[in-house]
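Two complexes follow with chain A in common, the first pairing it with chain B and the second with chain C.
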Partner chain A sequence: MSDTVLEARNLRVLYRTKRGPVHAVDGVSFDLRAGETLGVVGETGSGKSTLGKAVLGILPPGTTKEGELLFERKNLLTLPDGQLRRLRGKEIALIFQDPMTRLDPLMTIEDHFLETIRAHESVSAEEARERTRAALASMGIPESRLKNYPHEFSGGMRQRIMIAMGVVMRPKLLVADEPTTSLDVIVEGQILEILEDLKRAYGMSLLLITHNLGIVAEVCDTVGVMYAGLFVEYGPVRDVFKRPIHPYTRGLLASIIHLDSSELVSIDGLPPDLVTPPAGCRFHPRCPYVQDVCRTTAPEWVEYRPGHFALCHFGRDFL
Partner chain B sequence: MAKGKSLLAYAVTRGVLAVPMLLILLTMVFFVLRVLPGDPVLALWHGREPPPSVVEEARRELGLDQPVWVQYARYMTGIFRGDLGTSIGEFYHGKPVWGEIATRLPATVELAIGGMVVASVIGIPLGVISGARRDTLADVVIRLYGTIVWVIPIFWLGVIFQIVFAIGLGWFPPHGRWQGTTYPKAVTGMYTIDSLLEGNFSHFTMAVRHLFLPCLTLGLVLSGFFTKTVRANMIRTMGADYTEASRARGIPERRVVGRHAFKNALVPVITVLGLQFAILFAGAVLTEKTFSIEGIGLLLLESVISKDMTMIQGIVVVYATIIVAISLVIDVLGALVDPRIRL
Partner chain C sequence: MTEPILEVEGLVKYFPVKIPAAQRLVVRQPLVVHAVEGVSFSLKPGEIFGVVGESGCGKTTLGRTILRLVEPSDGRIVFDGVDITHMKESELRPIRRSMQIIFQDPHAALNPAMTIGESIADPLLIHELATEPEAKVRALEIMTEVGLSPAEQLYTKYPADVSGGQKQRAVIARAMILRPKLIVADEPVAMLDMSIRAKILELMLELKEKYGLTYIFITHDLATAKFICDRIAIMYLGRIVEVGDSSEIYREPKHPYTQALLGAIPVPDPDRPRMKTLPKGEVPDAIRPPAGCRFHPRCPVSTAACGWEPADFLDLLDLRALDDGVRVRDEEALGSGDRFTTQGGASRIRALDPGMTAREKRSLLVLTALGSLAVGLLNALAGVGTFGLGILVILVFDLIARRESVRTDLVDRGTHGDTLRIRALDPGMTAREKRSLLALSVLGALAIGTLQAVMGVGTFAAGVLVIVVFDAIARRESVRTGLVNRATSRVRTYVAGILDAAPQPLAGAVKRITISGSEVLVEFAPSTDPGLRKVDDRDVRCVLY
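What follows is the complex of A and B.
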C-alpha cells in the first residue's frame, strides 16, 4: 500500500546473553499507515520494548536483526549507521517510558533541544531557539523555564518536554514506549490527548507500546498482541476487542476489572523465559484449551477475518 | 535559577564550612601526636640516659612542662601566627619549622601538579576509550595497561627511566631540580613559575627538563588508577537512560560519548582524582627519594628518622590544610559540572 509508513515482515531480534541467545522478537509482521496508530500490548518481557528500539535502530551492539523493517520502503535493518542516525530524531522519534531518567541531568532543557535540532539541520542559533520556544510553548512549558535543568521539573512536565523534543523535527513516525506508565492517571489523560492532537495536526503515525488495554481501545486503530516475542493476534482494534481469537487475548480482555463482576480473572502462570521458550505454541503451558498438538507443533499465522490475524491451532473454533 | 549566582553562593557556603573542618582536623593532629608513644626529649639521646637536669631543661624549652590545654592553646595560636615552632631534630636543630617547610613545599607542589597532568592526559582519554568501547580489543589492551602500570613499584620505574633516558640517552638530567649556580629569583619557589615570571626561557627549560622524568614516573603509575576510575564511570554512564535517549534523538555518537556519557562520568571522577591529588603531597616521597628532589615528603621522612616531633607536627599541619583546601576545590568543581549539587 502506498501510504504505509512502517512495515515489518517476519522481524526477528536476537540478543546474545551470557545464558544463551534470546529471541526477544521472533517473527513479527505488521503495517502502520500514515496518520494511524498501531498499539502493541503485552506483558513485561514480551519483547515490546525491543520492538520499539529496533524501529529506532538503537539496539545494543552485537544484536542480530533478521527479516524486514521498512520505513518508507527503506529497510531500517540494512541502512548504514550514518543514514539511520539522520532518520532518528528527525523522521522517527521515540518517547520513553520513564521521563525522569531520559534527560541528561547536566544539561539545560534548551540545550537538549538545540542539540537535537542542530544534529539534523544547520539552522542559525536564533532560529533553533525560536523553534524550541514554540515547541515547548505548545506543551505548556513557559519560556522562563528554558534554562532550567531536568531535576527542576515534575514527571508530567518532563514527559511533555520529551514529547515536545520528540516532535520538534516534525517526525513522520512517533514511537511511544509506555509513555504514561510512570505518570498518574490525570497526567496520563493529558499526555494521551496531546499525542492525539499531534497526530491530527501533523498527520503523524504513532506506534504505541503499552500494557494498558484501555489506552489501546481509546487511541489505537490497529493492535498487535505480543506474547513471548511473537504477535499472537493482530487486527483492527474494534475487531480484536469485540471478537478476540487467541486464548491469550481473551485472557487479557477478561482480566480487565469490570464494575459489575465481583471476581478478578487472571491468566495463570508467568510468561516464559525466552532463552528456552516452550516447544510448539509458546502459550501452551498457560492455555486453558491446550491440546496435544499445541505442545509439539508451532501454530501458523492465519488471517481469520480481513486484516485480523491470529497464531493458534484452533483459531477457527474461537471465531 | 541563575547559574553563576547559585554557584557562587555554594562556593562561599563551602568555604565557610571548611573553617570548622580545618579546626577539627588541627585539633585531632595535636592530640594524636600527644597520645603517640615515645618521648621526643629522650628520643634525641638515642637510648642513652640523659642527665635529669637536661631533660628538665629541654621539656621547659618545648613547653612540655605545661598542662595539655596550655600546650594546645599555644599550638593553635602559633599556627594562626604562622609559627610552627622550631626543629628539635639533629638535621635542622633550632631552625623554624615553617621556614624549612616553605623552602621544601614548592618542589613537591611542582612534582604533584606535573604528575597529575601526566596521569590525567594519559589516564582520562584511555579510560574514556576503554569504557566507551567495552570488551573490544582496545578495551582489553587498555585494561591490561592500567593494571600493569598500577602495580609497577614507582621507585623501580623511576630507576629504569633514569638508566634509559638520563644515563643511556642523556636526554634528561637524572636527578635533582636544578643545575648551575644562578637560580631564578624566588617568588613562589617553584622554578618553572619563577623562571617564567622573570621571562628567562632557558631557565624554564632547565626546570621542566628536571621535572620531566619524575613527573612521568609518578604520572604513569597514577594513570593506571585514573584509567580504571574513568572506565568504570564511563561504563555506568554509557548504559544510562539519557545516553540511550540521546542516541534515539539522532545525536552523533562522538557527541553522545563526549558530551553526555563523559560529562556525567566526570562528576564522581573529579572527587576521586582530586583526593588522589591531595594524597600525592604525602605520597610522592618515593619519587622524591628516587630523583633526589628536596620536597616535603623527604623532609617528613628525615623528620621521622630523627624523631623531630615539632617538624613532624608542622608537616602534618600543612598536609591537613592542603587536604581541606583541595576538598574545597573538589566540591566547587563538582558543583560547576553538576547543577544538582548546587542546591
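What follows is the complex of A and C.
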C-alpha cells in the first residue's frame, strides 16, 4: 500500500457573502495516495475549484475552513502562512484552466522560470537557466523561444509552459483545475499524455478537477463526484463508472454525449443555490428516486464496497 | 429534386493583418488570415449540416460570412434561389429574417438591460412586423414552445437572474420568433453543463421537425455532431477536408484528420485502454498556412507528396534542438539561425562567409566611422580656429591703425579744443573696413570647413573602399584555396545526414540538395493542395485517395 499524500476529513469551506455563507465545500473526505490521480467531477458551481484552492491555501481572506486537510500529515488548514507559502510551488503546485491569467505578460518565459526556481531554492543563475531549458525541452518547446513573451505562444503551448513551471520544482502533488477545458481534443490529449508521463517519471500525485467524465475514465485512479458542495460518490474509477451507486452519478454518466451514445439524456432541474441548499439530501429536488425521508434527513456517507463510498439513503438498493 | 435552400460556392474570407507602420517597410506583401478558403456545399431544406473542426479553423467565419455578417472575399452565396453575395444591406433586410444565428455564449448574446421577454420580442419590432402588444403575445407563445415556462413570469426576468440553459433557450426563442428558414447555430451547447446539453439539443430537433428548419450546426465536438447532424463537413485551417453523410463518416472516417479528431475524444469507459496516436503539435498559424495539404506537418500518415516545404525543414531543426547534444552538433555544423533563409521552394543555408565575416565587416565599418568622426571633429576645431584668426587679424590691424593715426598726428589734426567731444575721425579701421574683413574671415572659415568636411567624407569613403576591396580579395582567396568548397560540401553532407535520419515523408520530398556560391540549397518538390475529391459516398481532400 502506498503512502497517502493528501487526506481530507470532513472538509468544509464557507465563503462569506452579503447573502449569507456559501457552503461551497460541505464535508468532503478522500485519500490521495502517492503516484495516483484523483479526479473531481461535477457541474459548474459544485465546489470543485474551491476544493482545489483549499489544498493550495489560496482561498480569499475571511473564508471559514473546517475539518482536516492533511498533506503528509500536516494540516494545511492550520499551517502558518509562512510554511504554507514554502509548500506552495515547491511541494504542491497548481495549474489552471487559463494559463494567461497566471503569466505576467511583460515577462519572458525564461524570467518566469528563473523567478519560480529562485523563489524556492538558492541556485546559481547558470543552474536555474539549465533547469529551465531542460524543463521546457521536455515539453517540446525549443530553447530559441525562451525569450518569447506569453502572448507569443498558442493556448496549448502556454498550458505546457504552465505545466513545465508547475513541475520544475518536482512537487509531490499537482492540482490541475480544468487544465484542458479551453483546449481542443487533440491538444487536450497531448496535455493529458504529458501529465501521465510526469506522474510516471516522478511518482507525483495529481488532483485533477474536470467536468469531463471521459478524461476521468482515461487518466484517473479514483474519482469524487461532486454535487452542491458534497462528494456524493467516491471510489475507484472502475467501480464508479461500471457500478455507480448514487442517482446523480448515474444521471451524469447517462448524460454524456459520446460517440456510442444512443439517446439524449439529461438531468431535470438545476443545481441548488449553495446559500440555502435543500434540506435532507441535496439532490432530492432532481432525483428520480426521491422518497419522503430524502426531503428531511441527510443521508450518511457509507462505504458500500472497499473504498467505494456514496451519499444516498438507498445506496444499498442501487448496488 | 428539391431546390437547395443554400448554395455556397468557393467561399473565401481573408482578414487583413494589421501591421505596425514600422514593420510595413520590411514585410512586403500584405499579410492575411486565411480564415475560410474555397468552401463549397449545398443544403437541402430540412437538413442539419454540421461544420466541425478545432478552434480557429474558420467555422464561425464561415457561418457569419454565409449570413453576410462578414463580407466574403470571394465566392458565391445563394440563399433560397437568390444570389445574396453582393446584395446591398437594404435589399438584404427582408431576407435576413429568414436566416438567423444562435451564438455560443448566451450570456453575451442577450442585452443585460432588457428583460428576457423584451429581448425575444425585439426582432419583431426591429423588422416592424408587429406592434408592441402583438410582439409580446408572440414572444410569450414562443417562450412556452422553447420551454421557458411559466412564460409570463420569465418574461420580466433579466438575463442575470436565469440559468445558462434558460438563457440559451431565450436566444433560441429570439431566433425563432421571425420564423426563419435557416439557422446557423454556432456552438450552441458548448458553454452549457453536460447535464443540460441534451435538453437544448432536443429542443433544437423538435423545432426543426415542427417548422421544417434547416440548420448549420457549428461545433468542435464530434460526439455532439454525430448525434444531431445529417451531414457533416470537417474543416481544417479554412478548408473542408472531408464532407459526407454523418453516419458514414463516423462509421469509417477517411481523412487522417477526421480519424485523429475521432480518436482523440476521451471515452467515458475505464475499460477502454487509452490508445492514441495523436497528431503532433497544434494547428499552425492561419497567416502562413502550410503548403500543399495543410495537415501535412501533423499528419501521422503523410507521404512525400503532401506538400513538404522549407518551413518544415526549419521545424525539423527546431525539433532536433530539443536534444542538447544534437543542438550543439547542429550549431557547430550549420551555424546559428541567421544563416537560414527560405526562398521559393528551397531552404538556403549560408555555409560560410567567404569574404570577411559580417562581424569583421561591422567592426571595420565602426572603426572607419569613428575615424572620420575624429577627423571631422579636428577639422571643426580648425574651422573655428580660422575664424578666430580672422578676428584676431582685424583686432591687430585695427590697433596698429589706431597707433599710426596718433603717431602721424592724424588725430591731432582732427581735434581742436577739449570741451565738446566730437569724434573727429575713426582712428583705427573704418567700420566698413572691419565689416568686410569680418565677412572675409567668415567666408574663409566656411571654405576651409567645407573642404575639410569633404575630406572627412572622403576618409569614410576610403575606409569603405578598403573594406570592399579586402572583402573581394578574401572572397577570391576563399574560393581559390577551396575554403568555400570545403564548407559547402561539409554543410551539404551534414544536411543530407539530417534528412537521412528525418521522417521519411519530409526526406522524400526533398528534390535535391545543391550548392550555389557559398550557399547550400535544400530544394523541395513543388507542392499542390490535393483538392476535394469524390471518394465513395463523400468528398475527401487527401492524396491517399
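Note that the second predicted complex is superposed on the first by the 312 of 319 C-alpha atoms of A that agree within 3 Å, B and C clash if a C-alpha of one lies under 4 Å from a C-alpha of the other, contacts with A are read in each partner's own complex, and residues count from 1 in each chain.
Criterion: a residue touches a chain if its C-beta (ideal position, glycine included) is under 8 Å from a C-beta of that chain, and two chains touch if they have at least 3 such contacts.
A quick note: this is a predicted structure, and the numbers were derived from the prediction, not measured.
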Message = Following the superposition defined at the top, how do chain B and chain C come out on chain A, clash or fit?
response = fit
Task = Once the structures are superposed on A, label A:120 by its partner contacts, choosing first (chain B), second (chain C), both or neither.
result = first
Request  = May I ask you to decide whether A:289 touches chain B, chain C, both, or neither, giving the answer as first, second, both or neither?
outcome  = neither
Message = Contact-wise, after the overlay, does A:104 reach chain B, chain C, both or neither (first, second, both, neither)?
response = first
Key: Greater chain A contact set [chain C / chain B]   = C
Remark   = Vertex chain A, Cα centroids of chain B and chain C as endpoints: angle rounded to a multiple of 10 degrees is 50
Inquiry  = Between chain B and chain C, whom does A:96 touch in the aligned arrangement: first, second, both, or neither?
reply    = first
Ask   = Touching A:255 in the superposition: chain B (first), chain C (second), both, neither?
value = second
Query = So, does A:318 touch the first partner chain B, the second partner chain C, both, or neither?
reply = neither
Query = Between chain B (first) and chain C (second), which does A:202 come into contact with in this model arrangement: first, second, both, or neither?
reply = neither
Ask   = Of the partners chain B and chain C, which touch A:237 in the superposed model: first, second, both, neither?
value = second
Key: Minimum Cα separation, chain C to chain B, after superposition on A (Å)   = 6
Query = So in the complex, which bits of chain A are touching chain C?
reply = 43-44, 133, 137, 140, 142-144, 154-157, 184-190, 192-193, 211-219, 237-238, 241-242, 251-253, 255-261, 264-267, 270
Remark   = Residue positions on chain A within touch of chain B in the complex are 56, 58, 85-90, 93-94, 96, 98, 101-107, 115-116, 119-120, 147-149, 151-152, 165
Request  = Within their complex, state which residues of chain C touch chain A.
outcome  = 54-55, 163-165, 193-199, 201-202, 220-224, 226-227, 250, 260-262, 264-272, 274, 276, 278-279, 281-283, 318-319, 321-324, 327, 337
Request  = Give every residue of chain B touching chain A within the complex, in rising order.
outcome  = 1, 3, 240-242, 244-253, 255, 259-260, 263-264, 267, 337-340
